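Across the two complexes that follow, chain A remains constant while its partner is chain B and subsequently chain C.
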Partner chain A sequence: MKTLLIGEYREGKLLESTYELLSFAAQLNADTAMLLVGSESQLPAYAGTLYLADIATCGEYNPDLHKKLILDAVQKENPDCIVFLHSSYGWDLAPRVAAALKAAQISEVIANLDGGFEVGCCNAKMRRTVKSTTARTVITIQAGAFPVLQPGGSPAVQKLTADSSGNLEFIGYEPAEKKDVDLAKAEVIVTAGRGIGKKDNVPVIQALARALGGELGASRPVVDAGWVEHSHQVGTTGQTVSPKLYIACGVSGAIQHLAGMKKSDFIIAINKDKDAPIGEVADVLVVADVMQFVPALTAKVAK
Partner chain B sequence: MLVISCIKQVPDTTQVRIDPVTNTLIREGIPFIINPYDSHALEESLRLKDRYGMRTVALSMGPPNTVATLKKAYAIGVDEAILLSDRCFGGADTLATSKVLSAAIERLDKQEKVGIVFCGKQTIDGDTAQVGPGIASRLGFSQLTLVDRIESIDFLRKRIKVRRKLEGRHEIVEAPLPVMITVVRELNRPRYPTVPMRIESEEKEIKVWDNSVLKLDAETVGLKGSPTWVSKIFSPERDQGEIIGDGINDPAGTANLLIDKLLSKDLLAV
Partner chain C sequence: MKLLVCIKQVPDLESRFKPDATGTWFSETDLAFRMNEYDEYAVEQAVRLREQLGDSCELTVLSIGPDRVVEAIKKALAMGCDNAAHIQDNAASSKDPWQIAATIAAYAKDKGFDIIFTGMQSQDRGSAQVGVTVAELLGIACTTTIVGFACDSGTITAKRELEGGIKGVVKLKTPALVTCQLGLNVPRYPTLPNIMKAKKKEIIAIPVGDLLKEEALAITASFHPPAKKGGGIVLEGDVADLVEKVIAILKDKTAVLR
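Coming up: the complex of A and B.
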């Protein structure tokens, strides 16, 4: 088995998740080469082949050109799997590469399982094992699903170039709108899930967050219902957070939510259902009615 | 110029439950909804209709009961809804799905030039993010993914400028028409049908195109034309965290236990 890993460079930095690709490959026991559109000043610490294209000439993202670079490396390496991160970069580029290679694509893989790749379905209630029948397979892996593996050493660099005949014209970047809260910086986050029942109960969760010196988080249904601003949303379509303490109140623990918070240092789940999937990542589970338990906890914390 | 939205009918996954005995999904009684991302695709096509008078078509590949979802598309104002349904289309993965949708788009393009195809950025029930790009590469359309705003359309130069939602920032990018756009939820707020429109939509006829119309090689669509297959569906094993106290009968006592735990981990600022 041979893999070509597509590393990622964003806003002038090698992404640490690039090392998650290495642990994905290590789990498969695969030979590995990596491709990176990046800079010689920041090479990944790994001792294998690295196809390097210069970000200054190839651009941070230029789909057609980056696709060509990858196809070139595929020719040279003849890999079985071409592996991307499931980021906006991989999201856009992986299917282009798959189409060009007539390869099957499996997206947002969370584990390797007996010859197949495991992906979540139906809000993480179920998993499926997906297999590919084409000679090559294009894969994207979910952020955080594989641990960071930093083998050390320095890569054998082979430089790549390509010209673009692409039809997209890059105009520029815009910063995201200002958020009224920066969850990424919070040390404590107390999250309201649909289990809180109604908008009127948000202040109860907010009060616990305040008593702990933290911020309010929210699951998506709570945001969609307009109970809490989107800037508080945790998960794949919200923010990814890793506070010291994360308290999930009435959150079931869907995969998209877990992806945004499972790297928190200590996780407490308060849920009336002892089998809720959130229990899988929680260090401590309190089986209780949130609206009874949270005020009791806040009162004691405040003391 | 035609605007097409590709929509999929999916089971409402928030209501899917697992049978604790057989460990399989309980599907009975689960309502079908339009894939939430696709409802934003549909909405955006209607906004272009409102603004520029472009004709809108909603396309869906699925079993015959997908008619219900396409009626909803009529109820909010699409000009035409077409169901792509044939036994041989069943069991398709994303690649085989994009093949059927592409064939239908090509067919529509012969009557009136297609300018924009909207797809949701992914579906909630299955594989993610490949049907739209599959259509783009098959038809040679420009591909713009993760779009959260249409900045402008220049019909003379046949170009479109959009904003894409990336991690912590946006990208502004321009592409020639025709284009395939996948949309994120921030793009718009889907409208609701009015009562008269809903009643009217009940009367509307949904065109059905089967493979006698699309004439695709049956070996290349549906399950047979799918290069990925699902070998197993299962409910994940879980390592549960430690359950503390009895929060139902003794919230106060349990709160004390939890606070002790937090103190022991040095997580409570004192």
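Coming up: the complex of A and C.
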């Protein structure tokens, strides 16, 4: 088995998630080559073949050009699997490569199984095992599903270039909204999810956070509904946190949320639904109505 | 200008899912279906552009599936789409993303759509492949996961949502395809007069066999619940008892209560 791993670079930096690709390949016992649109000044710590295209000329987001680079490396390496992260870079680029090769694509893989690759579905409530029928397979792996593996060493660099088709132009980045809370520093985070029912119930969750000396967190639907400000959002498009105690109140546990909090030391989830995916990462799942349980807990903690 | 929006009908995700007889997808028994959430953002954005451009613009909504998907099509028509294509396929759920994309591309080819809108992924399958693959098959520009959209004389300015709340600003020349993400807009509720008006709009039915000539590239071997993670405690019962238990756990396992 041979894999071509597609690394990631953002705002001038090699992303650490690139090393998750290496542990995925190691689990497959596969030979690896890597492709990175990056810079010679920041090479991944890995002793294998690295196809390197210059970020200054190829750009951080130029999918058509990056596709051509990958197809060039596929020609040279003849890999069985071309592996991306399931990220804003990977899910945008992978289908383009798969279509060009007419290869099966398996998205957001969470595990390698004997019968194929396991992926989540139905909002992470269920799983599918998916098999490829084509000689090559394009895979995206779920962020955080495979641990970071930093083997060390220096790669053998082979340079690549390609031309842009010019039908898309990347203008630049817009920074994230200013944070008025730094959740990364909080020792306790109490998060409000859609299950709290309405905006008026946010203070109930806030009260528990205060009683425990912590900060208020929020899941994405709660932020999008305008109940809590974006600066409190936990998850891949918000903040990634690992407090000593994380209490998820009425959070169902979408993948993007779990990725942002599952490294917390101790997790308590309060949910009416015993099968909610948050239960997968929780040390304690309290099956209860959030609006009954949380005020009662706050009263007891405050004593 | 000609616009196309592609929608999928999905089950209510709050439901409990059980494997069907084939063991490769869910049983539809007891499930209620609705328009895929991400596709609602796609429809809303397409309708806004349709309204901005006026009657020089035509907006078609497309859905693939059994007869039940006509409900989702009718909602899109009531939101403001002009006409619809229902690609009839009772076995749509067994098609892989490549086949779904090939079907849409076969429909759209030669129709001269300037902009195609799709959701960034479906809520049930979640592969996030179909939109991009359609664009590749049609050879048009494409960007994904947009949370901002503007179109001015053949140029689209889109904002992509990236990790950590950062956005990427991209310009695309039409024809182009964009996949829409939560946060792009707030989809409207169809009004009663618009629901009535939508009843008169044309829905063209096309058998999937007329469009799809491709075999599946990926096959689902099984559909199953996740393996339960060991170690997690599940507490159930009376609220007062639950509070006592959680307080004991907090004292025992964490340092937050002194």
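Remarks
Definition applied: the second predicted complex is superposed on the first by the 225 of 303 C-alpha atoms of A that agree within 3 Å, B and C clash if a C-alpha of one lies under 4 Å from a C-alpha of the other, contacts with A are read in each partner's own complex, and residues count from 1 in each chain.
One rule holds for everything that comes next: a contact is a pair of C-beta atoms (placed from the backbone, for glycine too) under 8 Å apart; a residue touches a chain by one contact, two chains touch by 3 or more.
Everything numeric in this text was worked out from a predicted model, so none of it was measured.
By the touch criterion defined above, A:171 reaches both chain B and chain C. When the two structures are aligned on the shared chain, A:274 is found in touch with chain B and with chain C.
Judged by the touch definition given at the top, the superposed model places A:126 against both chain B and chain C. Contacts of A:196 after superposition: neither chain B nor chain C is touched.
When both complexes are overlaid on chain A, the residue A:87 reaches chain B and chain C alike. Applying the stated contact rule after C-alpha superposition, one finds that A:95 touches each of chain B and chain C. Of the two partner chains, neither chain B nor chain C is touched by A:4.
Of the two partner chains placed around the shared chain by superposition, chain B and chain C are both touched by A:285. The contact surfaces that chain B and chain C form on chain A in the two complexes overlap at residues 10-11, 61, 63, 87-88, 91-92, 95-96, 98-100, 103-108, 116, 119, 121-134, 167-176, 188, 212-213, 237, 244-245, 266, 268, 274-275, 277, 279-289, 292-293, 296-297, 300-301. Residues of chain A that touch chain B in their complex: 10-11, 61, 63, 87-88, 91-92, 95-96, 98-100, 103-108, 116, 119, 121-134, 167-176, 188, 212-213, 221, 237, 244-245, 266-270, 272, 274-275, 277, 279-289, 292-293, 296-297, 299-301. Residue ranges on chain B touching chain A, taken from their complex, read 11, 13-14, 16-18, 25, 93-95, 124-130, 133-134, 137-138, 142-146, 161, 163-176, 184-185, 227-236, 238-248, 251-252, 254-256, 258-259, 261-262, 265, 267-269.
Touching chain A in their complex are the following residues of chain C: 11, 13, 16-17, 24, 26, 96-98, 101, 123-129, 132-133, 136-137, 140-145, 157, 159-173, 176, 182-183, 215-226, 228-229, 231-236, 239-240, 242-244, 246-247, 249-250, 253-257.
Interface of chain A with chain C (complex): residues 10-11, 61, 63, 86-88, 91-92, 94-96, 98-100, 102-108, 115-116, 119-134, 167-177, 187-188, 212-214, 220, 224, 230, 233, 236-239, 244-245, 265-266, 268, 274-275, 277, 279-289, 292-293, 296-297, 300-301.
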